[in-house]
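Order of writing sets the chain letters: A, B, C, D and E. Residues in each chain are counted from 1.
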């Protein structure tokens, strides 16, 4: 049976994990392992531990970044850590980050965080199925956190 | 028989893989393995898996980046991941990324994506052949996605 | 018995380690290993040595960054080193960095350094306990060095 | 007998390899292995393969970067890849990159490319000889691609 | 008997190694291994070789960066390489870099280079002694290349 890791933070201002978990439970029988860390820079090693020690087949890394320049830099460092963690563990870690300045209001921020977490939970289930499960959507301009942009021109 | 990996995304707004696959089929008997992921940050580990698990000899990583500053940063992170993946797997992964702001119209963007995918498919076939298959073009100002710039001065 | 590494610098203008150590001693029986280096770029390898040679279960990396552009860049390099060190050693290294320009006065800087060191010492103890010890605070907008921002909307 | 790898690109607008090869042939009996790739982001893995598979003792990575912001970023990614490749393979890879905006005319660009390739070919021969072969020039402000700046003050 | 590696460059305009070596000879009986490379991007692998092949216990990486934007970027790449080299070799490599724009005159630049090299040579000796040899200076605002800033407030 598949096992999905959910790594999240106490820094985020929305409980993104709850959205992802609900989608996974509704659409699969996968087992869920959760790991909560202080901030998103603590996510990469947590995700790697979820894969290597807790035997997760795929992991979602949920985080929220502030709007200051230093926050952007920290998100960049965390992202690079997630890249490296995936390559060392040979598994996907879906980066589900929300940047505070993507939204104009707290309500919009909440809604982006929910939408992105839910859509990426479905992506995780797709990747778990097979390497071509998402191929039907290839080049179709899909977005998480907002509406799809769609393809430029159908073949 | 050679095996070429094609990793692409659901984020891109053009089905770049179709162009690359057509060129490969026309010009070689190589077997193709496709792997579709949500966004370009998911490409590096997918490419590494294509090499290590699916035994691809070379991989093309096809992606499209938005025009916001955060999109540039994400492309940078994906690129660094691709660098690392190549060094860990000791195989070429051709980065075939299109940046939305390279084009003024959707039509031009489509055309860049097509041209770049096709030319890099030929590059992949060249690299598969031998380490000096492309030497006849060394220093000749070749470009993908637009016209060649050509050499500054012939020797 | 758990072992906590405390890596700090002679560059910092506040003895951040003393705050962290006091909190750890008050709240646990963990053994402490200290390692002092010149600047924060010397922290990553020191932290890795604390884990691998001194068998620390978790490490706190305490540092302070100046306000010049080059200082920001150095902090970025140190942060990337800490990411890599964690992934190589499979243990958490909590980055507890203070940026000089976070504060307007020396007194405020001192207070941020103290608060951040103390709160992250508690985070270290939480992470040591279990991967879900902090889950009750997930998505709650917790901050170190200043007051919590709190959650946007309770579920 | 020493073996020198020469990795170059079809993207560059000058055949930098020819200059390096001529200097090496004139000044040593080293065997040369060439590897031509599309762009400089393909150089790191090519250089690593030259060392590990083709047993080169040292490698020169010859490339040319455009003047757009994205070109600078790509050069940065290639440079980081070259750093990593050297550390994984424990051999020097001399980065011989020319940035288009270093020169005002095509003629000047050609001349920088030639001068830099030739001087670094001599550097490669020096490094091959011993770790102190270049020590007589330490701190002497040597430059490649333009005239030396020289030392600030002789000891 | 301890062994200290000194890696330096022909690019630098001051013979920084001579200052470091003099301090080491005056204050210890450590053996010194020198390695001179063209520029600071060649330092990381040289330092790793000093540790792994020449069995150095600690290494000083001495370099000087120009003032152009590309010089800053190169220094950044070299710094990241030094981070990685330390983590792979599990030894300290003290980065002793001087940026040309730190000084207004050549005389001042010379003096910064001398002071920084000398102070970091003493730091190297401290780190060689034990992981707490520098703890008495922790949080004391020590600087290399200029005067100490000192602690903000004594405990």
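Assume a residue touches a chain if its C-beta (ideal position, glycine included) is under 8 Å from a C-beta of that chain, and two chains touch if they have at least 3 such contacts.
Nothing here was measured: the structure is a model prediction, and the numbers come from that model.
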item: Angle, in degrees to the nearest 5, of the Cα rotation that carries chain C onto chain D; value: 145
item: Inter-chain centre distance, chain A versus chain B - centres from mean C-alpha coordinates, in Å; value: 25
item: Length of the line joining the C-alpha centres of chain A and chain D, rounded to whole Å; value: 40
item: In chain C, residues with contacts to at least two other chains; value: 80, 84
item: Direction chain E, origin chain D - full chain order round the ring; value: D, E, C, A, B
item: Of chain E, residues touching chain D in the complex; value: 8-18, 33-38, 41-42, 44-46, 48-49, 52, 54, 70, 73-74, 77-78, 80-81, 84-85, 88, 106-107, 109-110
item: Chain B contact footprint on chain A (complex, rising order); value: 72, 76, 79-80, 82-84, 86-87, 90-95, 99, 120, 123, 127, 131-135, 137-144, 149-153, 155
